[in-house]
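In this document, chain identifiers A, B and C correspond to the written order of the chains, with residue numbering beginning at 1 in each.
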């Protein structure tokens, strides 16, 4: 239970994983890979952190949105695996920022998620990544991240 | 030939798979996974369903565009595998909607594809998914979807 | 060293791979697949080729940006593998173009990368692909491409 202890030491309590917004699964396993659906930032009251980054939402808030999205990724994995220690490697993050025109510091935003995953799993939390700007995201969420992770089946 | 019978019972006749618009393959197999290129909505006359969703194209039309894109996915798989029964699981859909500013009901749009794949394969048709808004798609198509599926080699 | 000889005959000298712009790795191996992070066009002087395609950057320049991005992909693979001959197949390119409103000839732009990879590896360089339009890319780069390749471990 090393990862669980790490979460405790970081003062992290996992949220509930939000239910899918359509006809898909939160996560699907193929061999030793888990393909996670795109997920977004859920606030403590269960609502979504929304708005255009660079206009309604500033960079620091967007980075916090990416951290909250990372917590959703952890919550999906916890529900699927029962123990986050079974994650052996974060393989890929595809980070999407709901950008107002002219905001392009997308890597700094998605670092909010990567920083969390590296705090939890050290170098196992650092994988390949893209961090790009979208014109729209579902229900105007500020950040969406799609993840692929390797695990011990 | 169970999937073929299901297509018949749904009244679905598969279209031809559109040829690639550039220097790529429609699909590539690695082990038991098929990586499909992004594909779009082809109308009965062979032209593309184009336009910005939320402006030129309304949500119901966009959902139909996602269904038409799903038919292209089936056509590519039929051409590759010969029998759609060989698909064991839809792993991942990356659904992209050509959004006019302010349209963000992207999951409802991409459900038009997911609904088709679940009608054809039941739960084998439900995988992980993202559904996001793009500023531009090739030749102004209303929807583009990239898919990964597992199959019996 | 067949691929190295091919690079010579094409007159290609590989650039240095740009260091990551955040908390991620340039590439991660899982089994016989390499997941590359999104990368962009680096000019000979080490600066990035930036601007909106269709406004600041025309289609021919954007295609060159895609070729420069392809050189970065080769540089990342060279640093990881030591010998580009170990690449057995380009599996997937996800090509993203930093589009000005109304520019949608994204496949022609990303062909600049595909053409390079096919020149280097012939049909092993031709995989699945999507080529789409983004509202913003990191630091305003004109093109970003995420790649997955198969290799001999």
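Things to note:
Here is the rule we use: contacts are C-beta pairs under 8 Å (C-beta built on N, C-alpha and C of every residue); 3 or more make two chains touch, one makes a residue touch a chain.
For clarity, every value in this text was computed on a predicted model and none was experimentally measured.
If touching chains are joined by edges, the resulting network of the protein chains shown connects every chain directly with every other.
Under half of the residue numbers at the interface between copies chain B and chain C are found on both sides, making the touching surfaces mostly different.
Computed from the mean C-alpha positions, the centre of chain B lies at a distance of 25 Å from the centre of chain C. Contact of a single residue of chain B with at least two other chains is seen at positions 94, 134-135.
Contacts from chain C toward chain B in the complex involve residues 33, 89, 91-94, 97, 99, 101-108, 110-111, 114-115, 118, 126-135, 148, 150. Of all residues in chain A, those touching chain B in their complex are 20-28, 30, 35-38, 94, 96, 134-140, 144, 146.
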